[in-house]
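Two complexes are shown next, each including chain A; its partner changes from chain B in the first to chain C in the second.
The block that comes next holds the complex of A and B.
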């Protein structure tokens, strides 16, 4: 009996929802579709103290005004956010978003190219805007990501050194042109590591090799990398001063020119302390602008990172430590250590389907000693600053892209819900495949008692 | 004409020379017919391994066996006397697990790389289940494949090892290990016990391709083989008594061999190195009702009492864990590795204290010097030196079921002896003579490269020949 009533009431809800929609649409259409005012919320701008009972005005995709006493424009659609909290959308700075749909189905994986040196590849050209991962991710408050070629996942073991250029884009839209924030954000380099232990796929087991052999392979890779950079400098010089008639265009070297000129930062993937030290030395010698990616043992080289002003994009906090004898919570306490040392860092998922966990990665670090406001910055603002995109995203300030989340509470808490989601100033649906499946299986027949 | 005659003459001489040298060769091939095989070591300290050492005694060796041992024994007139003054005679050492004489087959490197490169079942077909008997060849006997030209045989012998258990490799039931003495003229002379033990390995041989591809598969498979063999052992006599009543039994070589093993209570060697593996081996030994001996056993210090309770002997692998030679200088070693490296050599002491019978084996150590060096590490970790000696001699012989024939110096035992100029586990001690099956080998130390001039002082008193190369036999 009670079941019958509940079914009835849920269908009633559906009818009333449809009614509300049909009423709402004409209302919206009377107003400009691209002007919103979020009212009555606590606004965390990340550019100053939080504003109680604040208002955020969005116009033409950008933030028009933020403050406590802001007039709501006449043409704005008003969102009453009393009791809710407003934050900048989160930024996941290392993902394979749009490059990797189902890891086990190779036809849906487009994360890297054959060969060790592919600086001319640009992630944006391969991103699939229709990926099912985007709605799932943005429903958790992530509004923009960096798609990085050649990092993370099963196929990153393939030995690529320069794996291409990373692109950043908004998590809403139909085409890459519409979604893209910046096409080329950083050059990705997997720093060659001295590894005496490697996995041999032909026997499907680990193989140990002598150190001298591993070192030789390492030296070879680093020398090769260095050669590429020298050739790129030569190319830049020839292009500038050489005869245009004799000049042959080389896409690989051309792509490296902004790197050697220090204009395009290098996203340097390294984990072991030794690898980080070697990579920092290399970048200093080559005059490259280095961003450390992953950096599992950053805590061992804090002084060096601090001295050389190298920011870090950290991998997931919810994982095992790099080494068997390291403290079990090292990945969780490391962010607090880096913060105390004054090293700028951001969190990232290094994944696709787990990009949605980004706030929880920060939440775990807060649980292990990172100040809460630093945790927020490390998922909203820091990545934008590290990657040179802070003029567009990262804070709630007039003129910035209106990537905004309106939440039921602290975004780092797992129970918090994103109630309203704005991407490029558009009110964006939080429907996604996870919710679809939830709804579908809620409807399953309940066996009689 | 004259020239031609001369040519024929030369040819004839050549032919005669050939025949003479052939006869000579035949003689050397059956060298046992050479010098008399009677020896006496006098005035030596004799550690018999069965009772208190004799401080000044004589050992008489005759035709491969020990004829007499004691303080005053009659020396047969035909015996060649070796003055043992200042020397100590020990029973010959036994290496209870090697692949001496069974050089490893190099894996075919030319095989195509990638996922296609898989080892197939011995039949050449892909094993789909236990019925295909993957990695199973218990009928192979190491003695049949033993190669006497393995250079290591001499190296081992020169260090005092007179006997070795040599084990075939590859697969789950690779074949029978054989007990061999480390000298002889022909292969047949070496073999003490052809079918000595049945080593088992739990390695999955399927390589992602065929059955079994997991530890649980391997163990289930071994269990199946024992069950099948037990069934065969029961069914065979019934069928033979009733050939007209029942359908004949299907032929299965594995079942026939294993059934015989089980009937004869032959030693089955179970691999187990860490404590989980050891406890599992103890359980499986009970379940399979086999005469089990554990080999490996390096984590024995953790579970010595459990092993003692089951009265299962252990062959301890003396290849103690070591840091790789060309290891990453900055590589951090785990506490687990460091702890194991530190404690493994204390296993023999722990086993000894708990009353576990154990023997030593070289387990892939590249030379006999390392075997004794690693035994010294076990002594340094608390093992009594006489217990260490037993683990190379009497206890080893007992575990391998040959204590009636070797392992101590007593009349009637095989004349396997090692004669040294000091305590056998002393680092400075040198091996002076080795007897294998009563064959005498005088050991001449290779002169150290930097001080060749010292060589003379190493000559033992009464050495009959000065011009022999290292380790060459005399009196054969």
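The block that comes next holds the complex of A and C.
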């Protein structure tokens, strides 16, 4: 569970020794070492061509220099990374990280609030920095995530229409204040869907309802959503132009003001082509800045997404086609299609325990036709661009946060190991609960018969 | 999963794969097929570069580098591609019609999954496209003793009667822990909670059932003994369909595949099985198997686990991706299963994770989804490796199947190509046209019906006119007769 390792010498041997030692007991740094130089690796900056035998200098949490002929500062701890590869850390842009420890144990889950309209909730509030999921996830090269309230994949059921604000943070740190990159990144809206068939957990079977009934429920939800936005506009006007004496603060409307002003993007969750079209139409009319989330049938509405410049945060590549008559490989080929159409997209896990599969999702899409460099961008850079955070993370360029992975090879390949991990410029342990349990039980003596 | 709303689309959904499938059925079963120029991952005899596989009558007839093309043989040029044994999924819920759980009782051994096989389940095709050729089809984990299981081959397009793997011993599903004790959901209103509600109760439920089964077996053994001795005026014991499968377990004629998570419950079941003198064939999921790998190995049971699922419930909190490797190191026969129609599409990738987590060799990693599940299901004399005499159940990938970039190009079962990626892609334009034609037809029919309805209701301006909507033949008759409503 160590967050940072102190390295007191510039020699590789000692670093290796410290890393090895940290497997047994973490070394806690009293004062964070703050200057590092990663030397001799092939450096993929994602801001230009790969650099053979490159050097990356890290100072005070940021990238200070990147290039082929960079002098190693005297005060730097040197990491000899010959034969290794250096990349920006990966960014998982939809997770419930820190909000969901054990999916089935509600006491450990903070993703589902009561009520359908909760714009005032902010994920960062309840992210548990000590969750076991963070070290497990970062060990696979994911250095920052967006935690999203109210939507989820395998291990979290969603609920509500406006479910709150998503927060982005680094996967290392003692408190959320230290970890946070941006507290409010997007407003999450589950676009109401016209669903005639739904799974009923009380009977564990599918329930059908007539289309007219489903449509009525849909219209009601959309009307309510519109009402909230109209009221938020009135609220903003009242605050700006009304009498301060008569003004009463409303947390929900206050939270929606940056949304209706187009300052805070909407993370709009929709899968069916019809739902996506409706959501795009709605956002256009309401002047909202939309990011499509999940987007299983984005491929059917490529022209619309392109025309309206709507980026997509895709759900896992590992999903079955949305409809039985869709090609069997559509979830795997869709990323290549979106790329060819010039629609910006990023991969996401939509989960917590599945976050470490992020590179696998991209790798699979590359197998089905997505260019490899686009696959890298779609797990490292694109999410940052889509969410307006590319000035801080996503590439290896001077001035950016030093969220960096040093790998044994292609980071999208399953067998690739993350050898060194830097988060906010700190050499961070790849130890985690899983490796700890492995080390503990592999040492178990053979029991007597 | 969201499904199509339009009736026409649903109807078409059933047609889509059938059209592809029809081509398969029309393909004459070739007497001989030669796959050539491939990297062959035999599993049992190393890898062969630029190798060939000769298939005759559905069986592997030759494997090597210098095989001649027999007269009249179909040649599959797999230049640059990799051939591995078809993937075997030791825990699957595909091809089941309706619910997977008979959740009303804690011992549901009378229910048999073989009775409800659905050969039209799209998941069969989806998984076939992931290189899966055989799967162990089980009930869910709602009951301490669940239903009877069946091993199938993914013969897409064949009727249900031709899915079961010929000669494979049937199994039965057991389940331990949170699911049978129902920790994670409450019964619907009006439904009484069900015993057991603890792991203690799960043990006693299983023990109780086997005490009954042993008594039942004794009654039949006595009866058969007396009958064999010439005693003719005997009344046979009443048949009990719940206990018969358990007697088969006691007699070693039926495998036990037990869902489990925690180390304690695994040891519990080993104890109970020892008490009654039967063996657990596989521990399924077995996420804490690494904690007691020696005990599992000593019991002779296999372990069929997930690659890296964890944290979704309390009993999965100590799950680690090193589980497969650590159990393998301690001598357990281990497989990686899917438990899920989607996960089954990339079991090759899931197997590769055991190289990263725990350092298995490439061949041992591939064994997790080929030979090892074959051993666990008792079908390794037929499948699981590329050897002369075995069934020609093969998956052809464009890259090393342990790479994330590998995509299945062809899947063969019994020497027949059941999945061909290129053929699937080529068929898409025609299928799309067929779908659009059907939709147009449906739309036209709906419009005609609407127009008809309008003309019928035109003269009706009376306040109760809307009561007559929608027009039916009966109301039309009423109108003609001037009867109104």
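In this section, the second predicted complex is superposed on the first by the 400 of 449 C-alpha atoms of A that agree within 3 Å, B and C clash if a C-alpha of one lies under 4 Å from a C-alpha of the other, contacts with A are read in each partner's own complex, and residues count from 1 in each chain.
As a working rule, a contact is a pair of C-beta atoms (placed from the backbone, for glycine too) under 8 Å apart; a residue touches a chain by one contact, two chains touch by 3 or more.
The structure displayed is predicted, hence computed values, not measured ones.
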Touching partner for A:309 - first (chain B), second (chain C), both, neither: neither
Chain B versus chain C as contact partner of A:211, first or second or both or neither: both
Partner touching more residues of chain A, whether chain B or chain C: C
Chain B versus chain C as contact partner of A:285, first or second or both or neither: neither
Chain B versus chain C as contact partner of A:318, first or second or both or neither: second
First, second, both or neither for A:263, with chain B first and chain C second: neither
Footprint overlap on chain A, comparing chain B with chain C: 194, 196, 201-204, 211, 323-325
Complex interface listing, chain C residues touching chain A: 1-5, 9, 12-14, 16, 99, 101, 103, 122-123, 125-126, 129, 178, 183-185, 188-189, 290-291, 294-295, 298, 308-314, 316-318, 320-322, 326, 329, 341-343, 345-346, 349, 352-353, 355-358, 399, 402-407, 424-425, 428, 431, 435
Touching residues (chain side chain B, partner chain A) in the complex: 113-115, 117, 207-208, 324-332, 334-336
Complex contacts: residues of chain A adjacent to chain B: 194, 196, 201-204, 208, 210-214, 274, 323-325
Chain A residues within the chain C interface of the complex: 101-105, 132-133, 136, 154-155, 193-197, 201-205, 211, 271-272, 318-325, 327-329, 352-353, 356-357, 359-360, 363-364, 366-368, 412-417, 433-435, 437-438, 441-442, 444, 446-447, 449
